[in-house]
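Take a look at the structure set out below.
Chain IDs A, B, C, D and E follow the sequence of writing; residue 1 opens each chain.
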């Protein structure tokens, strides 16, 4: 019992229940409870959740990555351009995008660990550079800011099965989300590398003194995060058979929020992958629940803000003790 | 000599020189060096600088405020609505807006210090709520998202002299910027309250043990920051004789960036007001320099990102020692 | 009352003229509107006013939704959610047919009558959308370019306040194409819509390059451009045109500071589809035209005074 | 020491103090007092609750139960500031220093000397600097520069500064939590002398220490804590040094150890002889 | 101890080590060595550079100058991991613990026991837990729950865990930086016994301590540092306990202190008599 109470994701779990109950009673009649309704918020949660899982691990390792949003745009555009302009196979294009993502992640990690600059600043720089380069290159090549026609790409069908098919009304991305959450949770809690992540974030100097290769751990997490962003880009590119340069804008903040809702500390060293996944679920439910409830979109942000602070408060209250190290 | 080398703002000063030299040589012919050119980037720097000064003090006290951007929109709208719809005197409207800002700052501070939630999350909630409420109320009252006609408001002329006049080609906001920077610098470095700010951010528990009223210091800084946001809203409302609900979006990030460029640590406890003012100057010069240099606006963000990381690197390199406590 | 219309929706979609409810008294209809324009955008706030007025006039319930940023993925999810609510009609804008086709098709397949507005004139048919209300952004831009070229300018600036928003890109492209056709040159200047000081000073800086004509894509940047011209003392020397109307823009036109404003009459883009859908749902009637163009209209010094009061009410 | 106690009102007194953290009862029913001009030593094992006791006395923690009196008056300290205002100065085991702040700013944090007339009153850095220099000199510490950040100093140097600060501000009661543990013999001697000086000035001193030699050298009375409970208070004439060490559960251990060490050594020599 | 030294190659040896931080020369020309089966005590004032020496030996700092040999082989340690791989285990003064991590995870951080076949190898938490429990029990520490965060423990408890860890992993050379300073007499005794056991197993131990009693009890040789310079190395038969204390600049101080304290007390009594 005490073990359960001590888990960082407990708050998020209660938050999920609270938010669900709220919308079920308030907007249940309008389809929130229907299978189709559940499918819409689970789809949002699954994509955000994939990212939040990686982001929460990176945050536990003590770093931020603000460039994931523009990474989604960059990867999606890479896939679309390669397929649409050069007629590449979709799979080859996805592979190139993944390599690009890993390279940017590596670069982020190297700069952060070498220069000891705050990752907030470095990855903000990456955000600008990536997003600018995506716009620049796309407009240079196509004269537009959106590229479509992926449906005609080579091997589209197999990619669609894997990334954009549906099981009943539910998106296949939900399976990915569950799978990756389980895997990441196992890595974090049950492997040596997971222990190193906690050490690297909780007390980097101490961990280094004990022989943990802190820099390598952080770089690996930057690369994982970038790869997850690329995965989402792939989902969206395949599902929407194209990309635009604004896609993913703001996703970095949503992912960080989901991680925090899930009990991950902004300061690093403490957190939970499962919690981040649940945080994403809260996010998805709020986002769609507002639509189901028919809240005037003028007031949407007010609602979101109140729900957000409310969820974090419930979270903290349930966890019983306030986080010690803050910010 | 060693004293100067140890100052946190030295890096920013070098950054200013470096950026100026870069654009002077690269875009000097196109007006960057002219008086009018200087006036354009000084005007941008002065408004951002006002905010960055307050934000850097808040960051030194160990907290973030992401709601300053939406505070600008909310205050601007308050002023415009009161004058345009109710025919209030401009000065009365400004006073009401300032009171509103102080109240929101107080609320931010109270929630952060009472609940011990990270200010990042709390003020993100405030950001959503304020921005949503501004949109909602404005549309409810006017059916539009932009309100103008401030030129016809009572006492516009006197307000214009104070907030929107020009001395030669230079905006009067530059004087405000210099004045507030000097005042804030004095408070931070030469008064008891300033010492408390450093203590509250550097080691809150230790400071509390020594009798520093940490919570009150933080709340005061939240209120100061909100007030500065309101000041900028006033500048812009008077200068552009109206407001819109988008105004200020993203300013919070720019202010934090300017503060970091100026040597303020994201972790709190260390930083400089003068540095933040210089950071804002760098920002203004980069933003305008790019236009003077005629860089294709598609690539604007790439340039900004590279300049940003470059400036921070120069900053850190010049300061000689890397920041110890990071993030 | 929810289940009733949804049960017969498929039939009415298959054979509108045979709608069972044809002669029935007016029912409690629900129409969903999903666009790509944020609530904070001046242009779209007029559309929304049209939607609301139409809802009141024809006694139907409407919900208006738009993503918080120009985000096609979020927009498709909003459509999904609305479709899950099974409305009696759906109004969408289609700035990116590729991204939205899946969600729009799903709505059509679910038997919901769909009307598209604003953008999507070229693709709406293929998606099974009944009707399009509005005009393409590109043509509006071309119109602006022709008007600008007629004043004799040679070096123009298109001030874009939201890079990456496909509809703004099209406006600029049309504008620059038209100016180029008339023998002029020009470029795009991107500014930050949220910071008028930034916009003003950027336009000021760009003016040093000998620009003699400026088109702004919305009132946010037109105010800043006006301030920049005032600051540089080039009011009247540099021609200024803008998209969309506000009281400030109109008084600027009256005072001769602005050359013209392009008016898409977006109020109609909000008003018409609601009325059309409610009529269609009740009586199965629909215009046969396909595309109902609402613009571009130009407001110039001669016509400004008539429009100014309407603009204050958020109708133009 | 009995001459100092009889009938006089203690400077600081607690009765039946209790404090727990979640399920951990760090203090249960602790009573103790300190008079003006005496050194009260608090002794005990690791985790016995000594630091918790001291933090409760200085207003950092609120007690769950129990009464606290300052000069006979019942009080309930709600903040360290209040304690400080009532003349209680404390050196915490975890130091209460701001690492990124300079030595002089740390020294005066929360009690800055002011100059000028309101509202133009400012932090008199010049005067502060002079005070710090002399105070540190008195402790035998030579710092290169009082505007250097505290974070760059060695553990012992930091400890010394914290003590110098508390002594400088210590008005009536001076509380020290293991002040000598990180210090070399020389610095420890200086600290003990400081304590003696404070006592001579009429201060009441509460001293937590693990070092029975230091305790015996300076203490007038001794309170022994064990798992959050007081094991009794002894004045110097009621107990011998050996008894004290014994009670700190260390005497026998140390003796045994000396004995054991001899055996180990023999073993080692044997092993080494075999292996070489 | 000469029997252990003559001609044998030291386990760990440094010559002419120097290291500065900016303008502060923390170490200048320090030479020392430790053989298998002996305890080398490093003594010195606060800020003498003891911690810096130890951090250099364990790969945390790279030396500016100087040679380091492990079992006669010249090495240049680039990371703590390398030092650990070469059999050097260290307990740092600033502890090297991750406060928010559980006891068992801290204990094995950087050297987790693994289970399963690659790539499905995982951290064997069960085995780790058992090890931690027995190791801590050996040190006389009872923790409620090994999955509790280290941050909630008292200073001494944390210190004990760090030592238990180093002893458990200590292969050839065990380095301890002031291990007993935060400990009660009892726990300090246990730690010293640990050190003796390690020595008996043939470990070379380098021990930094401020406590001359502890040093004399356990040390075989003594190196004294002063302002970053070595003041010589003495084996136990070359120096008496009193001389050692003297050299630590403390003996005379303590004597003087005892003398002074007497005087202060007299003053105090006089003053109190006057004031009452």
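The definition used in the following text is that a residue touches a chain if its C-beta (ideal position, glycine included) is under 8 Å from a C-beta of that chain, and two chains touch if they have at least 3 such contacts.
Listed by chain with UniProt protein names: A, B = Xylose transport system permease protein XylH; D, E = Monosaccharide ABC transporter ATP-binding protein, CUT2 family.
Computed from a predicted model, the values in this text were never measured in an experiment.
Participant: Could you tell me which chains are in contact with chain A and with chain C alike?
Facilitator: B
Participant: With respect to inter-chain C-beta contacts, which pair, B-C or A-E, contains the greater number?
Facilitator: B-C
Participant: Can you tell me which chain lies farthest from chain E, using the average of the Cα atoms as each chain's centre?
Facilitator: If we average the C-alpha coordinates per chain, C ends up farthest from chain E.
Participant: Can you tell me which chain lies farthest from chain A, using the average of the Cα atoms as each chain's centre?
Facilitator: Comparing chain centres, D lies farthest from chain A.
Participant: Between chain B and chain D, tell me the centre distance in angstrom, where each centre is the average of that chain's C-alpha atoms.
Facilitator: 45
Participant: Take the average of all CA coordinates in chain C, do the same for chain D, and state the distance between these two points in whole angstrom.
Facilitator: 73
Participant: I'd like the Å distance between the centres of chain B and chain E, where a centre is the mean of that chain's Cα atoms.
Facilitator: The computed centroid separation for chain B versus chain E comes out at 49 Å.
Participant: Using Cα averages as centroids, what's the distance between chain D and chain E in whole Å?
Facilitator: Inter-chain centre distance comes to 24 Å.
Participant: Which chain B residues sit where two or more other chains touch them?
Facilitator: 135, 139, 265, 296, 298, 300
Participant: Could you list which residues of chain D touch at least two other chains?
Facilitator: Touching at least two other chains: none.
Participant: In chain C, what residues contact two or more other chains?
Facilitator: Only 39, 163 qualify.
Participant: By the touch definition up top, name every chain pair that qualifies.
Facilitator: A-B, A-C, A-E, B-C, B-D, D-E
Participant: Show me the residue ranges of chain C that touch chain B in the complex, using the header's touch definition.
Facilitator: 39-42, 45-46, 48-49, 160, 163, 187-190, 192-198, 200-202, 204-206, 208-209, 219-220, 223-224, 227, 231-232, 246-248, 313-314
Participant: Which residues, counting only chain A, touch chain C once they are in their complex?
Facilitator: By the definition above, chain A touches chain C via 29-31, 34, 36-37, 39-40, 43-44, 135, 143-146, 148-150, 236, 239-242, 244-247, 249-250, 287-288, 291-292, 294, 296-298, 300-301.
Participant: Once bound in the complex, which stretches of chain E touch chain D?
Facilitator: Touching chain D from chain E are residues 3-4, 8, 21, 24, 36-37, 44-48, 51, 93-94, 144, 152-157, 159-160, 178, 181-190, 192-193, 196-197, 199-200, 202, 210-213, 217-218, 245, 248-251, 253-254, 256-258, 260-261, 264, 267-269, 271-272, 275.
Participant: Sort out for me which residues of chain A touch chain B in the complex.
Facilitator: 62-64, 111, 115-122, 124-133, 135-136, 139-140, 253, 257, 260, 265-268, 296, 298-306, 308-309, 312-313, 316, 322-323, 326-327
Participant: Inside the complex, what are the residues of chain B that reach chain D?
Facilitator: It is residues 3, 186, 190-192, 194-196, 198-199, 202-203, 205-213, 265, 269-270, 324-325 of chain B that touch chain D.
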